[in-house]
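The same chain A turns up in both complexes below, where it pairs with chain B and then with chain C.
Right after this comes the complex of A and B.
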């Protein structure tokens, strides 16, 4: 007797229970027992070229983005080579992106920063700040996406006389598929799945408490469990950032469990070109969707190679950081993007992850 | 080759005694769980543990009949899923008729998860066996898992009158009349 067939389908179809079965026979389907949401069996990847190849949207959005692909890369360059912390948000209540509202928010946030400064929350004294909210170009891909907002806090650090940017933050949502908000409350709420912040811990706290208090939302760090990091590295090792320059090697950092003394972490580095060869042999480059099986094949092939060389079982350890030539991702929500062309695709993936957390409800 | 497959009915059952085999990679806490099973049982129970199957052939004669197999999978390590999948190949088909189950451990840390929950669900659908989710961290959690497993073990060992594991399997799937409608 062969075990029953499994439904490992390649595209995004979930296994739906048939409608004819009685409720009793649902007793043993896994859906009843787990309180966890389903992760999709396959995900969309982007290709190395930042054109619209591989987007499943309608024609009019395609033409809209094709015209600015090069200027887009310029705009988004501010995202690269900066270590961001990633947060996920619940919908913001009564947030509007009209210019006068943004100016008002800026003034409110400045006064909040001043108050915090006087309370002595900052390690370096006299951090006087002025906050600016403005709409960020280049991140709004479809009509569903809310306008991306950039928040800057400029001030003088310590006794310096030059105005420096103390905090940069971006609220965005890239290519959000489907609307998670119920239609009757949609008028009042704006949903931004992702918040990227670059600043000191104290300033970030001030910003987050201000946002939470002002817009009645909940902001929490977007952590990446090892499963998601394995997804990301599997999807993006195949995308070369720049074919002329030498690409950064693919890096996996594992945390060794505390039972093994004398070694705390293992960094596994692979040349980008070799990684690409493995990727091409696993994944059919014409297809757009990257399936779960391909992901597990990729990761297990890397780990088995390591095992055959060093006899160290990497799959029993936890992945803590992952780096490809596109970006570097740490487990606690740390992100550093190296390639300006792929900013939107990385942000799109983060949007997807953040929306999955939200749709667990 | 036939020696490497674990067969359920090739040995004489022991009188009033059930035997459970716990299969899972190292470091999961099998021995602790075994003690917990023995503490919570209301019938005579013997617990054996293994990291992989097939079991070594040399000690085959001194081994009693295995009534129930628990496959332990740690959700934070891909290795445990791999060892379980390899071990599954060495189990006779008749064990999957109610004499085995999968146990998924360390469910309470979603930020450390290294395998998708759907993979476990897929395993259980493929082998048509139950999955239990839990952890061995506290006494209460182990006792909870132990109770569920022991109920199935009792039936699998034939210690309950008029109940056989095959009987329970019939309750799992729809009756013939409904199936033809699909």
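Right after this comes the complex of A and C.
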């Protein structure tokens, strides 16, 4: 790389160089950029209610009326108890959510699926797919959020006669903070930070390849490093504590380094109520913001308890999956949501993580 | 199944409370064993139930097919392994609906009132029998001092650790590594550990992670958690955790004594509770 060039150019896809607005001024800096985003010092605790923006100030949440949240939960019930693969996207060029355009996209994707089928890309032959694009209700929380789009591919598998859903996908961005698109190009691009897909590997590849070719974007898996998963554990371990529902236990799965033969993973499952007791001792429950220090203290105290029992150093291992009452998340972009009322807050957090990858530091 | 025994999950049961008046019913002849087992199965199940027995590697291998309905289902087949003269057996998965009758058959067959689960399960049946033997410690002939003859006891020595030495590098912690290696050998022995795929602990103990927490809400309730170690050979893995430096010595007793406790499901409670 020539001096003066930055590696952030590799983070951008085939979009024009001025697509993104830098959060700092545009002055030249000799500092070499890395592909890693800055880990925030604090985060909002995601709840099911809308919050005002801002990261470091304390914010007070308004409570939604019960009828609103229950109807929203009903709309988003299809997101629960399904294992999703999560992807991040760069802005889509000339994407429109108008009904006639969505219908056209459906026809184009259907022909692409048919072509892939004829090439023999699917393990189950004769997957005849009809693709449908429609607007997903319940995920547009602010005026800056784009209309969430649901993509369905229906068809008959093999010699079956009944239509089944072969692929379900959702393009969305929930409570997007700030606008990464500069005004000059805003009219040409639509930014969806998150793509959720549930399907086979082959069909997912077909969809992603079609989206990348048709809308000139870059789609890649949204990977969750251990520090992100530690944030999620801290945020969501006691989320259902004030409800009558039984909380699922908090689960931390650590991957043992390959040098240690014989053990592949250690699963550490904690009762949700006990986990919440530890969290409440560290964090003031009245505050809506919490810091990285609180999160580190929380995780280290759980690992310290484990060490006192087994003298095994969990802090020398990496978190590979975490599970809470709200959702289960794997490092490679696997997501399973258990609570319909919290779909929005989980997607809001994924939106934030995806957008951090594209914001310039 | 004999060749692919690791495809099935085996659960160990021990025989307790010998029935008064019954002779020791230890069979090493597969034909006699089959006849006796078939007699019992015919009492409690349909005549369509079938039994087959073979002798392999010193163990009696039984296959019982207990039909339910008209169609053949692999879930109706139950497999059993028993070493003659031992007080335990390994059994594959079976339907809960047949458990009572099945265990009654086996109780009558072996001449014992009670068949108790040892909370010991895994894929390698020889390792399971070795662990069960370590716990029970005897066969019908009394405690055997000569364990070499038992077919499920593995007496292979563990591969010695190789410390790579670069000629130009000087290691500062050779003494520490040597000390660690000696203490692990004293704790685990020089032979290979039995193969277990999982080790599970259910813990109810006081919370011990409050060093950095100023205002911990200690209401006297125990901190409940469940820990599971998984891998191709967990007992070797526990040893390797210490040798790799991922665990500090001395390891706690509940990790060191798995070999002699004959189970891979433990409940740990703080002393006040117990």
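We take it that the second predicted complex is superposed on the first by the 299 of 361 C-alpha atoms of A that agree within 3 Å, B and C clash if a C-alpha of one lies under 4 Å from a C-alpha of the other, contacts with A are read in each partner's own complex, and residues count from 1 in each chain.
Basically, a contact is a pair of C-beta atoms (placed from the backbone, for glycine too) under 8 Å apart; a residue touches a chain by one contact, two chains touch by 3 or more.
Remember, predicted model here, so these are calculated numbers, not experimental data.
Contact with chain B, but none with chain C, is seen for A:292 once the two complexes are overlaid on the shared chain.
Within the superposed three-chain model, A:226 lies in touch with chain B and out of touch with chain C [touch as defined at top]. Once chain A of one complex is fitted onto chain A of the other, the partner contacts of A:259 extend to both chain B and chain C. Once the two complexes are laid over each other on the shared chain, residue contacts for A:313 go to chain B and to chain C alike. Legend: residue contacts after superposition of the two complexes on their common chain; A:303 is shown touching both chain B and chain C. The contact surfaces that chain B and chain C form on chain A in the two complexes overlap at residues 257, 259, 300, 303, 313, 316-317.
Those residues of chain A that touch chain B in the complex are listed here as 1, 3-4, 6, 8, 18, 20-22, 24-25, 27-30, 33-34, 36, 38-39, 41, 223, 225-227, 230, 257, 259, 292, 299-300, 303, 313, 315-319, 331.
The residues of chain B lying in touch with chain A in their complex are 25, 27, 76-80, 82, 93, 96, 110-122, 124-128, 130-131, 133, 171-174, 178, 181-182.
Residues 201, 203, 205, 207-213, 215-217, 219, 221, 223-241, 244-252, 255, 268 of chain C are the ones touching chain A in the complex. Residues 249, 256-257, 259-271, 274, 277-278, 280-282, 297, 300-306, 308-313, 316-317 of chain A touch chain C in their complex.
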